[in-house]
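See the structures that follow.
Look at the two complexes coming up: chain A is in both, with chain B in one and chain C in the other.
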Partner chain A sequence: MARSYGYFPGCSLKGTGRAYEESLLTLFRVLDLPLAELDDWNCCGATSYMAIDETAAFGLAARNLALAQMAGQQDLLAPCSACYLVLRKTQDYVGRYPAIAQEVNTALGNGNLKILNSVRVRHPLEVLYMDVGTRRLSEKMQRTWHGGPVACYYGCQMVRPYTEVDRAFNPTRMDELLAAVKVPTVDYSLKTKCCGGSLTGTTHSVGVELNRILLKEAVRKGAQAIVTVCPLCQYNLDAYQSEIRRITREHIEMPILYFTQILGWALGGDIGSLGLKRAISGRKTIGQWFTETRVEKEAYA
Partner chain B sequence: MPDRNPVRIGVYTCHCGTNIAATVDVKALAEFAAALPGVVVSREYKYMCSDPGQDLIRHDIRDHDLNRIVVASCSPHLHEHTFRTALKVGGLNPYYFHMVNIREQASWVHENKAQATRKAKDLVRAAVCRVALHEPLERGRVAIHPDVLVLGGGIAGIHAALTLANAGKHVYLVEKEPTIGGHMAKFDKTFPTLDCAACILTPKMSAVRSHPNITLLTYSEVTKVDGYVGNYKITVLRHPRYIDEDLCAGCLECLEACVYKQAKVPDEFNMGLGKRKPIYIPFPQAVPQVPVIDPETCIQFKSGKCKKTCIEACGERHAINLQAEATTQEIEVGTVILATGFRAFDAARAPGYGYGRYPNVYAALEVERMVNASGPTAGEVILRDGRRPQAVGIIHCVGSRDENTNRWCSRVCCMYSLKLAHLIKEHTGAEVFNFYIDIRTPGKGFEEFYQKLLTERVHFIRGRVAEVTDWVFDPSEDGKLVIRVEDTLAGFVRRIPVDMVVLATGLEPRADAPEVRRLFNISCASEGFFLERHPKLAPVNTFTDGVFLAGCCQGPKDIPDTVAQAGAAAAEALALIDAGYVETEPNTARVIEEICCGCKTCNSMCPYHAISFVGEIHKSRINEVLCKGCGTCVAACPSGAIRQNLFEDDQIYAEIEGILTHA
Partner chain C sequence: MQRELKLQREADPEWARHLSERPGCEGVFSCLQCGACSGSCPLSIYMDFTPRRIIALAREGFRKEALRSKTIWLCASCYSCAVNCPRQIHITDVMYSLKREAIQFRLYPKRFPVPILSQEFYKMVRRRGRSSEFWLVLRLALRSNPLMLLGMLRSGWDLMRTGRLSLKRERIRDTGPLSRLTAERKPLPARGLAPGEVA
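Right after this comes the complex of A and B.
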């Protein structure tokens, strides 16, 4: 039995990103990696909070980190890029600026908590790459991909400014993980460009245009689906495809998947527990791709 | 104190124009000094360093029978030598002197006149207390071996070697590569005159080969350096080229005969764009004109099953010896010129520009080879698929002026980018875009060259390029590389589609610079280039006597500056050689053998490797020639067995007492 990872779902994985949580839990189960959801977690303090009141954002993030530390966790898994970034940034700033550390710890002190920066904030992509490794994924592969090539999309927050998950320019670890289970990927130059984030809600037309660019380039490169590591990216790319078709009269329709869905499926996870039915776009394609085909004998050898 | 008592001190306060006099009350200071014990004469004067100023000292020595002198003026770095000479001319031992720096340490760094004056008084009192205890010292002399080592056979090393050889000195020119020529041999044209690099370089290379005063050691490295100024013992490791330089006639028939009918190995000289055989000569004008065998790719070395057609072709000459091994050679020289050059920035370290990711992104040196008639494409500027580019973007400052990589300006990239823009336009007729932060053209004829380019319809866009990408926004960009940049003159973000991207990579220290630095015991500046002794007044000297710098190992520079510096380094070496000897400072440390317990603590502390351990008597000993008087060993010795001239304990205590005795 491997050691367990602390798990911080954040609001998205319990809401619009439930497919992410479901597939993540399935994938970690087939890999025999126990996840322990953090007890009494709260909002991570991400983007909107950080822009308006930095101290409050640090405080919120720090409480989650302190709880993980109290629970004796060495690693805290944050699957959402926004959560990952704000938790990672809080650790960085608390470590670097004594004034922030003091402010944060004063606030935490009211709940008898203290941040020690002993917990490692981690993203599942990095855990799979570093702790599991492509070789083990290949060995554990159970199903052969018969879908089309996919574009790996990392988004902007995952690799910048912190580069523990992957390189800031041209990250490739998701591509390598998918290649390990024989899923073809395309060279997608927009892999770290902005998905629009919350702009789709605030300055809608700008947000949608950014998504149009991402989708169109993926099509041009021959991808039939985009694979994401972040619930906000996935939602933006998935939800506005019909609107983009209406505005541009271009036929764009493709599944927007989580990398955990593909890996979970390839490693033989229960197809019904991968959140695949929650998709908005490309549902027909998803139905065709994610079936019960087993690895053929020669391919397995 | 063995000689003339009592002590009779003269104190001279300098105004340095208003540099000192504006902030320090020089009259009050002179009056104060006059009352100090042992002071016989105290004067203030506008410029002590002037001839009349020095005469004051000389006359006072004669008229007042002075035997100690204190001058309160500027830094000893500037005029200590001047005043010591004045003492010598006046008939005193030059070390009966102490200099007080009341400019850099008082007037320049303070605003309050009263406080600055008080500080100057404290400093002068300290000097007066100390100088009374000074003892006469003599400078030593070391003979200079007339031979010179020049390390590095690029244009800097070649020019330095030829200058010295023409002056009748014997030069060992050591080069790591199989040929001399360095980076310059790879260039096509040189800016701003556009004369052919090979045409001006190869005559000098041939001259090196045939010069009776030059011993050329290519494919060789320095592995050990012993000795000191005037008397260096250098160990040179000679890699085996498997072809005997003395027996080879340079007919190159072995190249033809190689079992590899087609060249298959990426060719280093052509930046991997061309191919060579396992037995090769780097380029047609290589010096020496002797092939080299690369054991990594030669079939005989890899499997031992080659027909060895090369040996057959060589026939009676028997120049090829596959059993050859590395040899070492010891040479003795008096001076060293380091001309080890630079390394071009690895463009892959600026990942946003797609080098190594998009095939049609090139580093400047690759394009330099492409435009060259003897290069891999015979002078054609073509893309990897053989097409001729219709639009080319040249991105400046790749690996220069960049917080993420190198912060310095590499000085040559603006000009070579302009040159490449001109050549690419000439060769292809393509639209050429330059993306720049600033255009820097400070050399002779450089600005005129830039103006000429502006009339050649080359585009200039001011802005640091954000990225080179292949994503398409507009169908016209399909199949192109798109350069995304904020045009800071137009004030908006632009997308410029091009077929070819040239990255103007900067210059950085060679990877082996730290190793060379350690070997020759010199310093590197923070960015890793070798450090000159003084940025303005000793630009080719190092802090190690007898070791000089030339070319880009000291910092990025163009060919004219490199050649000028190489000439200067040669002149500095000549000055030492022709003097025949160097004088050494007497402020060295010495071991009092009766006290030394042989613990060796000092041995490893000496940064100049001046201390050795004499096993027979179980004591440490300091080589006075190597000792720079840093005092590290004096402080480190647990027995107090090391003493240093001019820094004797009583002198230092007297100085401290002087500075702490407030009037």
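Right after this comes the complex of A and C.
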């Protein structure tokens, strides 16, 4: 597969979500899928920009789509759920409301950019499921998981309201991808319940409570780690565990991983290039789980 | 003391009609008041009005009550309500529309951090094209409650020791199209939009 994917990292993957970018690049390298980072990309606008100025928010996201279109990319990979949603929503609104389309076009047109809906916005989870497939992942598996069962947490904006990645309330594709590399998953009933996004930074106690519920349910289902698809979900679940322990006196300490870290490790990616050292909680467990164990050939014969 | 009871004559049905003409808000008058939105909302228990009540207030024309609520700012845009709604009302987009009007007319709850974060984020991205998490949080704290920085010491240190805290102020090369997007924004008229006009 020599086709390349346009890559829109978004602000988080250059900051708090750095481990996501590192593991994503490693995973795609192992799979021989070239990623071309969009030159001079700008912030997608997330949820905050839309709260101030709608048309400008669509224009902001549209500039990225136009850049991808000019770079000749058919697919634009947006690993952050918020980026993914905003880019999809922009295409939806520009398509449905001619007045918005016209205003966005005028603003971008001066910069010699044109907004076109020909670019397909995609999430890496969907690319792995549709373009690579679980069978190929099983074939390329290099390391056997000896860690505990994990809970797959899909969050909100990747699966809603645009349901191309997976079903809105009962997505299963991450579980299927992990099953392909023999990682056991638990039936996690809160898998699409929102983590609160930026609320942990604004109305802190509410945001932390949402994450306490998510962590506690994962523990109750027997999971020893949570696997995420979004930098904000990962940060929220990862960063406040010590605070939750202090408030509730419950012993909750578990690694919060990216699905790209587990898949990249299972397919034989360089362990040092998966961003595993960037975890805040469960660092000891991560060190024990992610080691150099190879699949024994006899086991496969 | 603020009176709790609202009288129908204090409502502004004309505003409600304008609201229902904004992109994404078209469905408000078809709401059944079934409560599927509030039931699936992970934040409704923290809200002053549940999403169902916000729709009820808004479509009757209780403009200030809807715009001054904390509800619209607690909405984390998870789209549960919109996907669950049996009438396919884009409730999340209605919330966005109310947020924008509340910002425009400064009707948001004072010193409530969520609208402040939105404004600071907007300013940063408009000027530089990208957001820089550290500087954004700093500005948010300075404008809402500087003491919140104390509570952030722990997570700040955790981010620093794991190499996830960047002090760099990101910016893009070509900010031209972004400033043009916001250069000549028409403010919302005081009572809402004229029929057919787009916010």
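The definition used in the following text is that the second predicted complex is superposed on the first by the 299 of 301 C-alpha atoms of A that agree within 3 Å, B and C clash if a C-alpha of one lies under 4 Å from a C-alpha of the other, contacts with A are read in each partner's own complex, and residues count from 1 in each chain.
Keep in mind that, in the parts below, a contact is a pair of C-beta atoms (placed from the backbone, for glycine too) under 8 Å apart; a residue touches a chain by one contact, two chains touch by 3 or more.
In this text, all values refer to a predicted model and were calculated from it rather than measured experimentally.
A.B. asks: Looking only at chain A, is it chain B or chain C that touches more of its residues?
C.D. replies: Looking at chain B versus chain C, the one contacting more residues of chain A is C.
A.B. asks: Touch test for A:F169: chain B only (first), chain C only (second), both, or neither?
C.D. replies: A:F169 contacts both chain B and chain C.
A.B. asks: Classify the contacts of A:T16 with the two partner chains as first (chain B alone), second (chain C alone), both, or neither.
C.D. replies: The second partner, chain C, only.
A.B. asks: Contacts for A:A71 in the overlay, against chain B (first) and chain C (second): which applies, first, second, both or neither?
C.D. replies: In the superposition, A:A71 contacts neither chain B nor chain C.
A.B. asks: Using the touch definition from the top, say if A:I252 reaches chain B (first), chain C (second), both or neither.
C.D. replies: Touch status of A:I252: no partner.
A.B. asks: Kindly classify A:V219 by the partners it touches after superposition: chain B alone (first), chain C alone (second), both, or neither?
C.D. replies: After superposition on chain A, A:V219 lies in contact with neither partner.
A.B. asks: After superposition on the shared chain, which partner residues are touched by A:S189: those of chain B (first), chain C (second), both, or neither?
C.D. replies: The answer is first: A:S189 touches chain B but not chain C.
A.B. asks: Do chain B and chain C touch any of the same residues on chain A, and if so, which?
C.D. replies: In chain A, positions 168-169 sit in both the chain B and chain C interfaces.
A.B. asks: Provide the residue numbers of chain A that touch chain C in the complex, in ascending order.
C.D. replies: Contact set of chain A toward chain C: 11-12, 14-19, 40-43, 45-56, 59-60, 63, 85, 93, 96-97, 99-100, 103-104, 107-108, 110-111, 113, 156-157, 160-161, 168-169, 192-194, 196-199, 201-204, 206, 210, 239-240, 242-243, 277-280.
A.B. asks: Which part of chain B faces chain A closely enough to touch in the complex?
C.D. replies: Chain B reaches chain A through residues 351-352, 357, 469-473.
A.B. asks: For the complex, which residues does chain C have touching chain A?
C.D. replies: That would be residues 23-24, 42-43, 46, 74, 76-80, 82-83, 90, 92, 96-97, 99-100, 103, 113-115, 117-119, 121-122, 125-126, 129-134, 137, 140, 144, 148, 151, 154-155, 158-159, 162-166, 170, 172-174, 176-178, 180-182, 185, 198-199 of chain C.
A.B. asks: Residue numbers of chain A touching chain B in their complex, please.
C.D. replies: Those in contact with chain B are residues 167-170, 189-190, 213, 217, 220.
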